[in-house]
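Here chain A shows up in two complexes: once beside chain B, once beside chain C.
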Partner chain A sequence: MPAPMVHPVLKNGVGAFIPQCRRLVFHYCERSGSSRGMIEYLKKDLIQFAKEHPHVEVIVTPRPSKHPVIRGLYLNGKDKVVCVRNMEPTDIAGKVALLKESAGNRMKVFKKPVISTTESVRGIWSPFHAAPHKI
Partner chain B sequence: MLRSFTSRMVGAAQRTNSAVTASAVRLFSATSTASQATSTSSTASSSTPSTTPSTDAQISLLRNQLKYYAVAEIKNRPYLITKNDIIVLDRLKDVKLGDVIELNQIKELGSKDYAIQGAPYVSSEYYSIKATVIEQPKGKIVETFKKKRRKHFQRRYHIKPLHTLLRVSELEVKA
Partner chain C sequence: MAGLLRSPLVLARNTLRASAVRACPPALTRTYRIDVKPTKKIAAQDNEKAQISQPSTTLDSKYRIERPSAAVVAFAHRLGLNQLKDQTLLMRIVTHPSYEKVGIATNERLDYLGAKVLDMFVLEYLHTKYPKMPTKMLHDAVSTYTKSSTLALMAKEFGVEDVARWIRSKPELEHQLAFNTVKASVVRATVGALYVDQGPIKAREFIHAHFLSRELDLVQLLEIEEPKLYLSFLMKRLGRERPVARLVAETGRLSKAPVFIVGVYSGTEKIGEGFGSSLKMAEFRANKDALTKYYLEEQKDFGLPSDVEVQGAVYTPTKVGDTPVVV
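Here is the complex of A and B:
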């Protein structure tokens, strides 16, 4: 019987930090007007971004007759797609930064300020180990 | 019902008896500017010590324990953290992915039986607490709905909060 898959418990940031975004794919259309800002961004700002982030693989591919799109691929295998139709280069740079700083997880509501998997340090209260109450 | 107590007893059996007396003699206080030993008061109900322990003696008591927690103050908000935790903050503008932040506003530094409360903060020569920026995501849309009935008033506000996630990479008590 083959051995079951063992998934390591990953704690990114404790020993070493590994950036989670590994690829950004830029799709644009040569002809359509909604890609105008995207083409300007690709010419002006993208090379600088790629130099500053060598861990991110940057791919630029024409996708004719479609709106311009940025697709980010992450280390957990998931991807995030952002449509940047009719956006200016500064707005597109903002979307690129958003994708670069994310980690591939779903967007969720953070209800608690601290997310912890360690057991409580002081232990769980038990009536047999607490000072008896006095009336 | 006995069922709930048995599950508690399994975990409680691992604790030592010193927890019974030590939990009553739990808290000591230390001033933030103390480089020399300062006089402190213990909030014990059962025992009245004749001499108050010095800060260094308190730290050595703490260092003999195994696990630690700290109450860190970041942007005027308290976060109770242990090692490997993720802290969820509002977006920090002047920070990049991978940056390591040293937390130096620590209100309380504690373990199972002892805790040191700062006044207002514990002196930073007694601990080393570091956090790494691991992610800066956007949260899910939060909707606030306000309505006053029979007054033709209702509003919907939508916020998509920006966060910074910090991973506590180091939490150590130094001698």
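Here is the complex of A and C:
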């Protein structure tokens, strides 16, 4: 009988941690006023950011007559786009950090405090293995 | 130039003027790179003694040195390949043999080498951790970690899809090359490159961190058609009392959804337990559970044979387990 078609599942961080953000693309316009903060960020802070995060590929491209935009691309193939029109460089740095730390998944509400594939250490209670209630 | 590895910043210059906007669509007229050196902290983590004066990727001088692209550099840092002494290996790792251009080195050799290294270290770990595992199951377990479909999945998680260089089809080929094959070859070549450049222990660390840390339920690989028969033979071989199945608990016997808990006992010791909606099903599961507990017994705190390569480590050999029961 051939082996069953199963694959070992990734547990990011258990062995090695693979940062999920692979690329950040910065779009700006040379002329429009909404890109003023973005251009200042590109000149002042971006190179330092790129130095500190060598696993992220950083691309800067002009996009004339449009608002400045940052697009983050992730290892799951998805992307997140954030418009940073009329923002100051500090705010833009905040958005960049948000994109860098994200994993590309949609924002969703986690209703449980812990999500795990391993069972609890003490085991799940079973009526067949627990002693019956005694008064 | 201290080294090829940088975190590149690609800047495109806008040369359009207002009058020309309507004349031609906005386009990247020229792109140029700003090479950004990683911070001292990260550079200190890199191998400081890296010397890339001569291309040591290959002995043949016809291969030209390629600067790693921005995506490849990011890929390298993501996996810890920035520690490679020979950075010219990076472009080689991501180039599949189908990408036949003049003077480009491909990953065919590293792929083959990496496949063997991967098999070796995965097998070594599983063999030592599960000494009593049947050999066929051990073979299946190793192949589950190292087969192409798993490596293709891993490649997607590594971000190989946007760095792999390959050509899908050529007139002389009968069928098209599959992307999964290419992705798997890149992952194996990564292992091979680490082994060649950094030695077996670094390759082993990489394999343990990326491959063996992944979650796999080994129970589903244990395939036994007649667990009761196998278990009775096993107990006989071990010189223990013959297994007897006993009902531990039950509920709803005459209802639509009965539950029976059956335990398998060797003398007074319970060696396995199973549940089921019928007595036979529960007994089957109990026997299977007993075999699973025996064959999949884990060793804790074990040393691996390749520890002899680690300086200062003392390797005490672990006993080889018995072969599985012959029925």
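By our rule, the second predicted complex is superposed on the first by the 124 of 135 C-alpha atoms of A that agree within 3 Å, B and C clash if a C-alpha of one lies under 4 Å from a C-alpha of the other, contacts with A are read in each partner's own complex, and residues count from 1 in each chain.
By our rule, a residue touches a chain if its C-beta (ideal position, glycine included) is under 8 Å from a C-beta of that chain, and two chains touch if they have at least 3 such contacts.
For clarity, every value in this text was computed on a predicted model and none was experimentally measured.
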State whether A:11 touches chain B only (first), chain C only (second), both chains, or neither.
both
First (chain B), second (chain C), both or neither touched by A:60
second
With the two complexes superposed on chain A, say which partner A:30 touches: chain B (first), chain C (second), both, or neither.
second
Can A:117 be said to touch chain B (first), chain C (second), both, or neither?
both
Counting only touches as set out at the top, which of chain B and chain C does A:81 meet: first, second, both, neither?
neither
Considering only the touch criterion stated at the top, classify A:128 as touching first (chain B), second (chain C), both, or neither.
both
Name the contact category of A:52: first (chain B only), second (chain C only), both, or neither.
second
Let me test your reading of the model: by the given contact rule, A:98 touches which partner, first (chain B), second (chain C), both or neither?
first
Chain A residues contacting chain B in one complex and chain C in the other 11, 14-15, 19, 117, 128-129
Which chain C residues qualify as touching chain A in the complex?
7-14, 16, 18, 21, 26, 28, 34, 36-39, 42, 70-71, 73-74, 77-80, 82, 140, 143-145, 149-150, 153-154, 156-159, 161-162, 206, 208-217, 220-221, 223, 248-249, 251, 259, 261
In their shared complex, at which residues does chain A touch chain B?
11-15, 17, 19-20, 98, 100-103, 105, 107-110, 112-119, 121-124, 126, 128-131
Chain C touches which residues of chain A in the complex?
1, 3-11, 14-16, 18-19, 22-23, 30-31, 46-47, 50-65, 75, 77, 117, 128-129
Chain A-touching residues of chain B, taken from the complex the two chains share:
8-9, 11-12, 15, 19-20, 23-24, 45-46, 67-69, 77, 79-89, 97-98, 110-112, 131-140, 142, 161, 163, 166-167, 169
